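Note that the chains are named A, B, C and D in the order they appear, and that numbering of residues resets to 1 at the start of each chain.
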Amino acid sequence: MNRPAFLASFERFAAPGRLVALVGTALLLAAPMLPWAYRPALDDMTFWFAPSPLQWCGLALTVVLLACLVLGWVVRPQGRRSLGRRLNFNRGARAAAIALLAFVAVVLVASALELAGLVALEPGGWLALAGAMLAASGVLTLPRGEEPTLRTLRSPAWLQILGIVLALAFVLFVAAYGLDLDDPGAFFSFGVWAGVVVWVAAQVGLLGWLSTAAGQNRSVLVLSAFVVAFVFPFTQNGSDANMSIAAGVLIFAATAMGLNIVVGLAGLLDLGYIAFLGAGAFTAAVLSESAFATIGWSPPFPIVVLISGCVSALLGLLIGSPTLRVSGDYLAIVTLAFGEIFRISMNNLDGTDGPNLTRGSNGIPAIPNLDFFGFDFGSPHDIFGITIGRFANYYWLLLLVMGLIILVFTNLNRSRIGRGWVAIREDERAAEAMGVNTFGLKLLAFAGGAFLAGVAGSVKAHVDVSVTPDQYIFLESAFLVAGIVLGGMGTVGGVLVGATVLKLLPEKLRFFEDYRLLTFGLLLVVMMRFRPEGLMPDERRQLEFHDDDEELADEVADDVAAHRVGSVVEGTSAEPGSGATAKGDHR
Amino acid sequence: MTAHAHGASAHPAAGRETGAPASGLLQARDVTMQFGGLTAVNQVSLDIHRGEILGLIGPNGAGKTTFFNCLTGMYPPTSGSVLLDGQVLPPKPRKVAAAGVSRTFQNIRLFHNMTALENVMVARYCRTRTNALDAIFRLPRHRREEVETREVSQRWLEFVGLGHTTDLLSRNLPYGDQRRLEIARALALEPKLLLLDEPTAGMNPQETREAEELIQRIRGLDIAVLVIEHDMRFIFSLCDRVVCLVRGEVLVEGTPAEVQHDPRVIEAYIGGSVDLPNAAPAPEASLAHLQPSNPVLEMPPNAANPILGARRRRGDHDA
Amino acid sequence: MDLFLQQLVNGLSLGALYALIAVGYTVVYGIVQLINFAHGEIFMVGAFGAYTTWMLMGAPASLSVGIALGVVLPAMLLGGIVTSVTVALLMERLAYRPLRSAPRLAPLISAIGISIALQEAVRLFYGRIPGFPDSRRAIPFPVIEGITGRTVQFGGLTIQYSALFTLGALAVCTVLLWWFVNKTRMGRAMQATSQDADTSRLMGINVDRAIATAFAVGAALAAVAGLAHGLRYNNIDPLMGFLSGLKAFTAAVLGGIGNINGAVVGGLTLGVVEAMATTFIPGQFGSSAWKDVWAFVLLILVLVFRPQGLLGAKVVDRA
Amino acid sequence: MTIHRRAVLAGFAGVAATITLSGCGSRTATTTTTGESTAGSGSTGAASGNVAKIGFIAPLSGGLSAMGTGMRNSVDLAIKQANESGAIPGWTLELVAEDDQGQPDPGRNAATKLAGDSDIVGVVGPLNSSVGQAIQPVLDAATIALVSPANTNPTLTKGADLANPQRAYASYFRTCTTDAVQGPFAAQYLLDNGFTQVATVHDKKAYGQGLVEAFTTAFTEGGGTVVAAETINPDDKDYSAVITKVAASSPAALYYGGEYPNAGPLSQQMKASGLNVPLMGGDGLYDAAYIELAGSTSDGDLATSVGAPTDSLPSAQAFVDAYDAGGYAEGYSAYGMYAYDAANAIIEALKVSLADADAAEGAREATVEALNDVDFEGASGRVAFDEFGDSVSRVLTVYKVTGGEWVADTTQDFQGS
């Protein structure tokens, strides 16, 4: 987006602007020491000299603003490699001030909504607002300068790893603390805060550096991400309520990740994907030891998982083999029709309209808990003095499933198969002319995605205890697609973000529930219009959606080169001399 | 110009061997393609020999590209068949490619949002065997083939002179480089026969000369080349044999010199609107006769078509 | 035999409704190759528009047949059409036009978003208009004297006036549409645009307007369907567009998407298939519980064996 | 290099500062957040020290929210009344209302949340049987009594094999009657009134199908004949094909298992296409909206509903009056009375279990046990549970559409099947 010209003329007033911003910052530093509201709202901001957690959050952001303002003044952007270029403090200050304004406004509005209205606000709140407005108006005069180039900085491995670990620690803190907030206003405010912190980091250039670091230390990233996810239940003090939500998020994310292979990698829009999750769940239910199960055979769970996956994959082949020959738009509708066929069939296989397999709309309830070698998933266990409840047990199992799916996803993506998928997405006929087995690859994506959904479904059956057809409706498929689109097609992080947003927000913002679908629909439209590549896009995807943006293309090319440098270095250290020997071997 | 190489190696590093007798590589037998009532290609039979460069010319709408599409399986011919090494080629582009016929496109069809190297690597798809399980568990075969694919692809990039573009997105390459990248991609398939659809369209003289030289080097790898081109000069100086296609039928087949002087060809081109060579190698009795009657040639040197203009200037200079 | 004929009548009247909606899919797809997923909601909005008109007229009840058919019904029809067309044009302008050059996934996802948003907007807000019924559940449709509840006996058959109205509406609309597409300037502009938008633009056709017209025409027919639906089933609700839209799309594909006659034939076929599947498929899979499955299976079969649909012409992909 | 490092460190100042913040959460541990109990009651401010909470799970948003909010208000009313009358000396009751959106997944999350709250002694809900299936095990694991005012699926109490019933969860009870009672009652009514040739239609949902199955069994046992058994798709609008098929078998009446949004149009279309026989259904039809949708031709259609007509039962009338006086924005809806009775059943049990308990959590098991012995006159009739946790109340009423209104036809204490 181009900046309006009149803003540029402000830059003449940069010096006084900075002063104004500093005054605002001072107010913002003082405000949390005062009460913001007359009665407790959000996380209770009624105390003198005892900031509430949310006030501390604001304070932290204020410190960042102060640092950016001062550093932006002191450090001059001289030379391409100077500190000022690498880390654009002025951009950071601008972002931090605007972020603070947004944060303070959200907190005040939320407080006012929960209390009697604006009259319930104390001077502290108004002071904070005034400070934020001053700061925000002050920073508008700062020169924006160029994009920070920190991402091209080569930093030592330990620093990169430290960065990754700190970033993930931040994520864990946000997740654990945020989930603990029961008050919708506080939760929303905290969410806004977490969002703007990331935005500020992006504006300063820190996010770019982190993504480069993550790209070059993929294994560290993956490992620490899993450690963080693994540790999460211990932050819950034995409460299972959030773990229940987390298990739901993981099931959704795992399914969406499977769909991401189909949609994100191979570019096939599947609007009936929930059917594969359902097929897995029903298979697991029917093969479980539930008294309602219709097949008197209940093999051990690992076998059930495999069978569930295979049943789903088989359905994927069944629906895919005739229809993958039709063009993209038709495929979307055929898959939608297939999803409906699945739901109706599950409803009908009740003994009167068909063989009794699923007990119709009653579904199969009372599915027992899993039991691995005496480890009962249904009962709580004490580990390190912290009670790990039923859903935490399943959460860990789901984490394992998730890890498997991510492994499949990333490794396929970085193989000849992944290249084939991208080629099909880009130009199917050219890909075919270059010898790519387009039909086979599309079918593989379809069946593979279905398999993974089936695996997720088999666990879901046990987590949910009951499996009924009405859980597998079109809207759920639409939500899955939306989760991918929201986060960014073809990426792991994007799907995780998308799934979390779509599953967590409705749980925490119940008062908003009636408008959930409306918001969701509008969100899809707005996303497609303004950011079709999602919140955390795959670079290639970003290009596909912005076909005419040459600047972006150059930038991405730079990035690709930067990543390649990293991976080449990695490759040579892992397989010394492999390049030279391979030449001789494979002539 | 009659050198024919043999040997299995299609690798760029392989040397050029000569001396083997001419042998049929690809035979098109009575290939006919109809779209509804329109017969785009009518009973075309054509032999392509190993290691030769065969030119396919004809006025616009003569069915050259359609014929290409029939050869590569993009259109299943209405009747007739195509044989490669005596085996009937199934009308599936993928199988044709795997059998050893690869192609470039008239309008460049690269994978625009992939890097140059990735574009070439895609073509290695049918020359590698890694399956999904190998890839998921990163088994040795996968690692080995990935390294190999990367290296082979890089060498093909270097072969066409794009060694420096490895990590550039193909959409960011200059036009001429995109054409060459398409050729590198086609070569990475290790074809026995390469079909080039107007490889010099839109190129400047320098690039055209480079393309000519590149095609000669490709032939040096024992790869036969079938090339569609409107630039007669290019065709006549490059090809061993030339076939002229008019209204979907083979009009003339022969050496460049024969075709060049064939009155039927000249007549066919009177109705055509494409550019003609204004300076053929044998000026005394050539298509150059037609110059006064061809409207294209009456355009001023710097007409709307800068490419044509450039080519003409080069011709003048040569003359 | 009576049973068969009665089901045929049932199927045709249901199919006529599908056909009216299907035309919208087909016209829009024909011109911009976009599956307007939200078209089912345009149908729903049309029905609500007609209902709103009736409410704004003071909810007239117990009128003479003449006034009901001569004044109230045309007013409701007009109100429905105006509402549908307005919403469709807004949708085209705000959500689809900006995405015209985006990858095809984008408009399709956008369409799903619009579909959900429209459903929800009507469900949540329509009932909040003072004096209007709660839209979170089905709203009884007004009784139109002279149509509602009236039947004609024909041999052993019972045919409702509302079914006749639907079939008549389809006939009239088809004729009007044929006239519009073939005999008016705008219709010909639409045809040209669907052939080749870029060339049409060069020929001075206002492509944007042609596309908007296609949306408007589809919406108008969907509004007619919405009114017919209300008369036939005596209730409307915000979610009625989803399944009807899906079935109508199936019908459009069945007949050959992009082909207006195909949409009509496809709609009637689908309706008859559903009615017959309820009665004439023996065994457990013959109950009405499976009829939607049969309808969708038919869709898949058609796409596999005759992707161009019953009346569509085979299209060759340009290489 | 130093300058780079300094740059990075400086950049990290922000993130580092925010991470240290996690140490400041101490204040939250001491300050309780307000939670979602905004709908809660117990605002009488009784000075008693102990608090026990009654949970509530039902759809408070989405398409079924009208029923859910009515149920919540009714439970709220019961708790308010108990607090005002000091029903449990030394204890104050509070309501914690959770939304399940009518779907198992959010329902499960809500139940988990309630189970984690040590003050919860019992839960009223849910509306949907599918949600019931999902939350039964969660609450049972924590020995929290669950009393549903609306689940009609027999398997929830009697287990998979209805021929050899076995109680599935000891902590589950319900105040409504199951499909297994309403269906046979309707069958008997039709037989008594001379309808021996009946067609059945249902919507393939748990409620409708269960109703039709129970009806069919009783009706054929009673000597009647089911001449056609059909289903409809609840998302469909056009039932003409099914009606034609049913009409071919010339039934004297049609029994429909399902709810009014489909039943109304079905009745209308049925009569418009010449099949002029009464349509009968369960309590899912007993709503004024049915008559609106079915139109003027619905006269003579029938619906069964549980309990005696409101105006003939003093306790019911008392509930309606108290509800109206409570100033709730939404009506008490179809299941309000049962929700009120469910809450009162828990309160009755708490009178026993909380009498000598010092903490709410310790009273959970005793509450479940005490529920088995509860017996009182509730708004919908007698409230007591049999050995499976089902309501023993079998008072049912047949209502008939007469002149555009539901009019009570027959009320009976039904003991058949």
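Here is the rule we use: contacts are C-beta pairs under 8 Å (C-beta built on N, C-alpha and C of every residue); 3 or more make two chains touch, one makes a residue touch a chain.
Worth saying up front: this structure is predicted, and the values here are computed from it rather than measured.
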{"item": "Pair with more cross-chain C-beta pairs in contact, given C-D and A-C", "value": "A-C"}
{"item": "Taking each chain's C-alpha mean as its centre, the one farthest from chain C", "value": "B"}
{"item": "Centrality ranking, top chain (CA atoms only)", "value": "A"}
{"item": "Distance from the mean Cα position of chain D to that of chain C, given in whole angstrom", "value": "38"}
{"item": "Distance from chain C to chain A - Cα centre to Cα centre, in angstrom", "value": "38"}
{"item": "Rounded Å distance, chain B centre to chain C centre (Cα mean)", "value": "50"}
{"item": "Geometric centre distance via CA averages, chain D-chain B, whole Å", "value": "74"}
{"item": "Overlap residues in chain C, where contacts from two or more other chains coincide", "value": "242, 287, 289, 292, 319"}
{"item": "Overlap residues in chain A, where contacts from two or more other chains coincide", "value": "344, 347-348, 352-353, 429, 514, 544"}
{"item": "Multi-chain contact residues (two or more partners), chain B", "value": "74, 105"}
{"item": "Residues on chain D engaged by chain A in the complex (per definition of touch)", "value": "3-8, 10-19, 21-22, 24-25, 27-28, 31, 33-36, 60-62, 65, 99, 101, 103-106, 108-109, 112-113, 115-116, 129-130, 133-134, 136-138, 141, 153, 155, 159-161, 168, 204-206, 209-210, 229, 231, 233"}
{"item": "Of all residues in chain B, those that touch chain A in their complex", "value": "11, 72, 74, 93-94, 97-98, 102-103, 105, 109-115, 118, 121-128, 130, 132, 134-138, 142-149, 151-152, 167-169, 171-172, 185-186, 189"}
{"item": "Residue ranges of chain C touching chain A (in the complex, touch as defined)", "value": "33-35, 95, 98-99, 101-110, 112-121, 124, 242, 246, 249-250, 253, 284-285, 287, 289-290, 292-293, 296-297, 299-300, 303-304, 307, 317, 319"}
{"item": "Interfacial residue positions of chain A with respect to chain B in the complex", "value": "407-408, 411-412, 414-420, 422-423, 426-427, 429-438, 444, 448, 540, 543-544, 550, 553-554, 556-557, 560-561, 564, 575, 578-579, 582-583, 586-587"}
{"item": "Interface residues, chain A side, partner chain C - complex", "value": "263, 267, 269, 271, 319, 322-323, 325-326, 328-330, 332-334, 336-338, 340-341, 344-345, 347-348, 352-355, 429, 474-475, 478, 481-482, 485, 514-515, 517-518, 520-525, 527-529, 532, 544-545, 547"}
